[in-house]
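Below is one structure, written out as structure tokens; comments come after it.
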Amino acid sequence: MNAALLVFTWLSPLVLALLAYSRKGRLLPALATLPALAAAALVPSNESVEIPWLLLGVQLGLDDTSRIFLLFTAVLWLVAGAQATLQMSDDSRAGRFRVVFMLAMGGNFGLIIGQDLSSFYLGFALMGLAAYGLVVHDGTESVRHAGRVYLVMTLAAEFALLIGLLLLYQRTGDLTPDVGAIIGAGNIELTFLGLAFAIKAGLIGVHFWLPLAHPAAPVPASAVLSGTMIKAALIGWMRYLPLGESALPEFGGLLLAVGAMTTLSAIPVGLMQKEPKAVLAYSSIGKMGIMSAAIGLIAMDPRLAPAVISALAIYAAHHGLAKGALFLGVGIAKDTGASWVFYLLFIPALALAGAPLTSGAAAKDILKIALDTGYSGWIQMFVGLLFVSTFGATLLMARFLNLVRPYTTDPSSHGAGLALPWLGLLVLVLAFPLVVNGGPPSAMNTAIVIAGIAIAAVIWFYSPTRGVTWVGRVPPGDIFEWILRYIRGAGLQLTAPLTK
Amino acid sequence: MEVDVLVLSVALPLCGALIAVAWPRRCEVVGMLTAFAVSVAAVLTLVQVLVVGALQHEMGGWTPGLGIALRVDILSAVFLVLVGLVVLASSVYATGYFGQPREKAHFWPMWLLLLAALNALVLSSDLFNVYVTLELLGLTAVSLAALSGQRAAIDAALRYLLVGLLGSMVYLAGVALLYLGYGTLDLPAIATQIESEPIAWLALCLMTGGLLLKTALFPLHFWLPPAHANAPAPVSAVLSALVVKAGFYLVMRLWIDLFPALLTPSTGLLLGIPGAAAVLWGSWQAFKAERLKLLAAYSTVAQLGYLFLGLALLFQLAPGPTRDVLFGGIVLMALTHGFAKAGLFLAAGMVQKRSGNDQISNLGGMAQRMPVTTFTIALAGVALIGLPPSGAFLGKWQLLSSALGLGQWLWVIVVATGSMLAAAYVFRVLERAFAGSSQPDAPVAIAREEWPALLLSAIAAVLLGVGSGWLWPLLGNDI
Amino acid sequence: MNTLSWSFLDILLVIALVLLAGAALRARSLRQSIILFIAFGLVTALVWARLRAPDVALAEAAIGAGLTGALLLTALRNRPSEESRLVSNNGMRWGGRWGNVAITVSVSLVALGIGWAVLYGMNDTQSGRLAGQVGSALELSGVSNPVTAVLLNFRAYDTLLELAVLLAALLGILSLGGGRATHCTVDPIATSLRGWLVPLLILTAGYQLWVGAHAPGGAFQAGALLAAAGVVQHLAGRAHAGLPVGAVLRVLMVSGIGIFMTMGLWTFLGGRGFLAYPQRWAGELILLIELFATLAIAVTLILCYLGSEPERRRITPAGSKP
Amino acid sequence: MNLSSTLPGLIVASSLLPGLVIFFLREGSQFTRTLLNLGGAFAKLVLVGIMIWGVFHEKVYATRWTLAPGLELALHADALSVLFVTLSTILWFVTTLYAIGYLEHSPKRSRFFGFFSLCVSATVGLALAANLFTFVIFYELLTLATYPLVAHRGNTEAIRGARIYLVYTLGGGLALLLGAVWLHAVAGPVTFVEGGVLSRLPEQTYSQLKWIFVLLVLGLGVKAALVPLHGWLPQAMVAPAPVSALLHAVAVVKAGAFGIVRVVYDVYGVEFAADLNLLLPLGVMAAVTIIYGSIKALSQDNLKKRLAYSTVSQVSYIALGTATLGPIATIGGVVHLVHQGVMKITLFFAAGNYAETLGVHKVSEMNGIGRRMPGTTLAFTVGALGMIGIPPVAGYVTKWYLGLGALEAGAAAWVLPVLIISSLLNAAYFLPVLYRAWFLEAPVDWPNEHPRTGWFETTGALFWPPVATAVLALAAGLFAAAPYSPLEWAELIAEREYLR
Amino acid sequence: MIDTGVLYGLTGVALAAMGFRATLLEPEVIRKLLAINIMGVGIFLLMIATAYTGPDTAADPVLHALVLTGIVVAVSATALGLALERRRRDKDGS
């Protein structure tokens, strides 16, 4: 039974995608996630099913961390799917959206449950490419530009991953390398794997596609993009780096530093954005920075591995759900324009900021508890980073709410039925800390959050106009946009074929 | 009563010619019957030779020294079959080609005399007898070439006659010297006595010079293209495929049977260099030729070049299996060229008859109007270029293999360029044939004219390539 | 080594020969060169006689000088004055003056070579080569004249082919079609000459045919003489040179080879080998063959002469053109 | 007359005889012609099936016919030939169906199908050739059979294209002939023996063997479209679609590549070729072709020209695999023989469909074609993704094995970058096409659209072949590890080549 | 040491050479035919000279037969040549 469930998790989205084109298939996106939910709940860990004749020999299975990932991914895909069905009932190209949506979903699930190299790579590639369809759904010029940048970066990530996996496979010799076999990776392999997942996670330097793609995509798509797809990087790192077995001091250090820089740079740029979804995109980049830094930390100090990995999984789950809720909220706000939507948005915003009694706080506490086991200078630095990110997140959330407010003033469009799936998600976000007993709220954390709220309130009331000057000076794709503008300005048509 | 079939192959055509002259109204029927009978006789001779080995028939019962003997071994038997089949096919074609009875009455007797001359030449092994057959061949060929009566044909025939006479006279001088030196005219008898002395050398040069003039090897080829291009189609087919080849057959006979003692590798070059020049010059001219028949004529000059090239290589190989294989290759190339060129000329004749002239430039849409003819030209082209599955491919393979074995690069380059040029001029024609003319009018088929040409080309392009396995070992024990 | 056996006469003949040949080739007008050529032919006949080759001398006189001369003269008569050049594309002209010198030098070099070889070859005379064999086999051949024996028995096949060559030439000429009928007057001398010359020629031809068996003579010489009679008939204005017309003419044309072939096939099918006459009947058979050969050769040569002669009057039935 | 001595002969004859008969059919006898065509194709399929079964059970099939002392026309079924024969037989069957549909009402069909069958019998003969002499014969026959096909339309540029094609291929044929004859002169009759026959030759012939190798590769390189010799391929695009499909996917181009594989493995033996350091130049030539082909394809607006240049680069993967010493690279090279065939024929079918149904020849005219002809465009997408090397379509298997082979042979330094650059370039010239097809608006009316008959987007005979081959490509990728798959067969071949 | 046979043999060679040269160089057709005939006579002279074995003994009959045949062949060739020449003149329209 378990084997069937696992296979169906992967197969059902792909197969149903073929039927989704016609109008009758409107409900399919939501239904396709059910096997994944069931599998996440029922299938015992380290249960795997072998399909030797598929691809190069496929092995599907779940372990503890991938179970959590599968759970929150499935939930988010379910909600996003339902939301898409409701919102896009009148869109002419909904059929195509549904097909591409479900292909991406299939890729994402395959990525998580596929334990062998080829199915991981298949999932990674399928998700990346199908997501392109989601990004360029609207078809306007700016969206097309974002889609092109996204595509190039995704392909680059894919090929880097291919090389990395090739090197890994050539070294280990079997398609489903267990953790022990992964030790001793050469630094070429590490660079390639690192690069592939860095692009996916949106770390600094290769992040510019994310703030372009996420806002461009329709709301359900961007929810999934931010919520689950970029998490693939984490899964990749956890699975193909010898975390907990051998120490990778330089690689870990590099990852920690890059993660830290990403988080720190994301906050100011995020604040300067004019578009709410762009703000959310930068907040995702920040959060991914934190998680990558955590991975770097584990790489340096293997002893931390087991505890921190599970903590990270929970943190990722929290971030996924909250970020998904925020993105969906923006969509509903735009559609319904109802003021209560704005107030409900406060819940996921606070959760994301890590306010006490919310999932954010719980996740952060678990992470801090896991880190207490080891003691080194780096951990202290990481905890400091955590606090800074909390403060930044609060500011970003305030900025976001400030930008969403205008949408919710005129109560013109159709009723609340649209928001049903979103409300369900909010309930989950609220219930998250209960499920995950995070322990008592730490004083330090609450103090930072309150300070953040205070500053935000001050900025909000006193300088609604003056803040405008430095807002919007940095375009969403920041450094890439400048480079591109410089190149286009200087008349070099280097990227002509790409942008045709 | 074991009848020597080989005599029949001379007697039958002669009788046929006589009856044709005496009874002009039925000359066509007589001609066809004789042609058929002769080809049957040729095949029977070949079978007899395969079974028994070399045959000999003393004319008049006298010993060869005093009298004349007809001798046939596998080489001459194979040439007999070539002559028989090509003449038979051309005769079938000729029945459709000549319209008025007056033309028929003139054509058929001379045609049968030509056949008799060819058979007599291939079979005879007496030097003076060869001279007489050469003369008979020359005169009949000239009269047939001049049959169409236009000014160009008459001029070409006249030049052909003068060149032919010169060639025979020089050959006769050589025979006189040989008789002077060795006192007999019978080929095998002289072969035993010959050793490297001045008179033998001179006789060799004179006889070969005379024959090369008649075989139109490169420097002496100027008379061939106009003669073959302006003759009527069946005549030019036989001229190119057989008459010129008879000269080559004689050179091969002389150089291999009569003068082996004199031959040093360097003498081979005497034939090799003009042969190479012939290949290049002939192919180049063929490529530039404007008319299909002129193209075919120049291609004959080129193909003969290959044969002489082969001979040059043959003499540089020590007697042994490689030499036999190369000899087989040369013979196969000669046969393939014979069939292919006959097919090509007959096809060219059809094109000329159907569209007034055989200018290559206005062959447009021929593939549509005359599919069988185009297919014939294509098959003949394949055999001329030497692409598989034609016999010429095997021949060229042996040629290249022995040239590379000897490490002589010049020949390899010549053969390679020759093949490319051949491909150029063949596909130049085919290309126009494929270029569809706008209105695809109904394909016309005159079976009587189209099928013989097709069969000839098919033999050259496919049968000789695939089915000639049995021929090689037998040819080996001839030299 | 025989002594210095050539006499003064030989020197004279040789010089005459070479001078006449040179003159014939370089004479200014065509008519002169043809006349000189005929003279050259007669001197050649003399040389053959000198070299003890009477049969060849007769043939040379009748055919070489006589008939060839007649052919050349008729060719000359019906053409206007100016030369008709055979301008060949590249072959025959050999590029002007320097070409001439080059050719002359090379040809003379080859001639010297052959001459030296002849000297070398002649000295070791191999005792008459085949003459001995012919001598020994002569009585088997049914005739006593060795040349006729060789021609019609030992190398009969050669003669057969030679008649075929003659026939081929004739067919070629006929296929070229008669020339345009031109009007030419009949001079009285010819008619009177015809009165006594033609019977004389026929008589000598018959004698030549008969004597061939045991003395110089034979079918070719007899045929040539008959042809000469024909030419005279034609010059005298006789319609169609006295030849029969139509089917009979065609049968006559092929009679020579026809008889030869029937004889050959008869012996061949009789199992004795092609043209191997039964020893007893050899003489008579050879005579029979020679008779028909003579007729054939005569008719052929006359037609060659006529063929080249434009038809005087069209009214005669198809006549020579079958 | 037992089966083992006649089967190869029968397979060649099964398309030769119908071909010859078709030549003489009248234009109007449509039914008999189709019957002969399909009958011949089906018979060949059955015979090949028997042969596969036989070879798998170690049965020996060989037909011999002596043409001259030392020169023998020999056909035999070894692993490599079976692979190529199966490929060409299946694809010929599909292409015949397609051709019948494509040339529905065009003139001169008897001539077309006659030469079409001759071309396939030449390809099959070439595949089954047991010695170099037979290979040369069928190689030249292929040129002869394909020339009229390229010149089929008879208009000026068809004739011009055919002429260029002829000049190249005859030149190549001549080089191959010279090489073969020289080899024959040096080493006597050369039969294809796994592991090569030339290693036993004495030392002083090595310099000659080098020159012979150059000649042979030059000769084969023309048909395999290695860079300096590839000029004819884009020009030959003037041929009707089924011809360019069969020619450039299966027959002509593969003949060259197959020839190179034969020469390197079965004549020289790969170790011996490596000792003579012949493999590096071949590899470099292949690499240059791959990159050059892809770059040229970028700038081609005519769809078939773009596919042609893509073929130029794709076929050189086979040469690259052959030139890299090591069993894994061999597998990559050999399996690509099949994969490229299947994928490229799908693309050409699709291109033919567009041209025939909508009169679309240029990429710029392909906006929104996905909406008008979803089935064909889906097949086109599968083929294109395969070309880029995205799993699950067959292409990624090749890239996977080629990459691994390069790593194993230590030649990763230059092989991997080539693979990556070419994959990126493939993406660069295929994805814009897909983008236009799926995401852009269709023009109001197509260049010359045939009225839509019935439910299908085009006639059945035109619709099903591309779908069938797309499914094949997908299956070859998905079920790569299954028994009887091309990959399995390639491993069998590589194992036999390196057994010694 | 030059006896009659050799003398005539050499003359024959000389005549043949003159004939050959003239055939190549003379543009006029009829002169070419003349030259060929002269060349023929030259070669026949060479043959008869070899057949001559002194004033008293009988000459070699085989060679005589050959020369006879040669003469007949020469005359037939000349006749054909002249006929061709005449036909060429007629076609000329002159």
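As written, the chains take the letters A, B, C, D and E, and residue 1 is the first residue of each chain.
As a convention for this text, a residue touches a chain if its C-beta (ideal position, glycine included) is under 8 Å from a C-beta of that chain, and two chains touch if they have at least 3 such contacts.
From a predicted model like this one, the values you see are computed outputs, not experimental measurements.
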Partner chains shared by chain B and chain E (touch criterion as defined above): C
Common touching chains of chain E and chain C: B
Centre-most chain, if every chain is reduced to its averaged C-alpha atoms: D
Pair of chains joined by the greatest number of C-beta pairs in contact: C-E
Chain whose average C-alpha position is farthest from chain C's own: A
Chain C and chain D: spacing of chain centres that average the CA atoms, whole Å: 73
Chain centre separation in whole Å, for chain C relative to chain A (CA means): 116
Computed distance of Cα centres, chain D from chain B, in Å: 43
Residue numbers of chain E (touch at least two other chains): 16, 19-20, 29, 32, 46, 50, 62, 66, 69, 73, 76-77, 80, 84-85, 87-88, 92
Shared-contact residues (touching 2 or more other chains) in chain B: 128, 132, 135, 139, 142-143, 146, 149, 155, 158, 162, 173, 179-180
Multi-partner residues of chain C (at least 2 other chains): 86, 92, 114, 118, 121-122, 129-130, 134, 154-155, 158, 162, 165, 168-169, 172-173, 176-177
All touching chain pairs, where touch follows the definition stated at the start: A-D, B-C, B-D, B-E, C-E
Residues on chain A engaged by chain D in the complex (per definition of touch): 21, 52-57, 96, 118, 121-122, 125-126, 129, 133, 136, 139, 151, 155-156, 158-159, 162-163, 166-167, 169-170, 497-498, 500
Complex contacts: residues of chain B adjacent to chain E: 128, 132, 135, 138-139, 142-143, 146, 149-151, 154-155, 157-158, 161-162, 165-166, 169-170, 172-173, 176, 179-180, 185
In the complex with chain A, residue positions of chain D that touch it: 298-299, 374, 385, 389-392, 396-397, 399-400, 403-404, 407-408, 416, 420, 423-424, 427-429, 431-432, 435, 438-441, 477-483
Residue numbers on chain E that touch chain C, as the complex places them: 1-11, 13-22, 24-35, 37-38, 41, 44-46, 48-55, 57-62, 64-69, 71-80, 82-90, 92, 94
Complex contact set, residues of chain C against chain E: 1-2, 4-6, 10, 14, 17-18, 21-22, 24-25, 30, 33-34, 37, 40-41, 44, 47-48, 51-53, 55-56, 59-60, 63-64, 67-68, 71-72, 75-76, 78-80, 83-87, 92-94, 99-100, 103-104, 107-108, 110-111, 114-115, 118-119, 121-123, 125, 128-131, 134-135, 146-147, 149-151, 154-155, 158-159, 162, 165-166, 168-170, 172-173, 176-177, 179-180, 218, 220, 297, 301, 304-305, 307-308
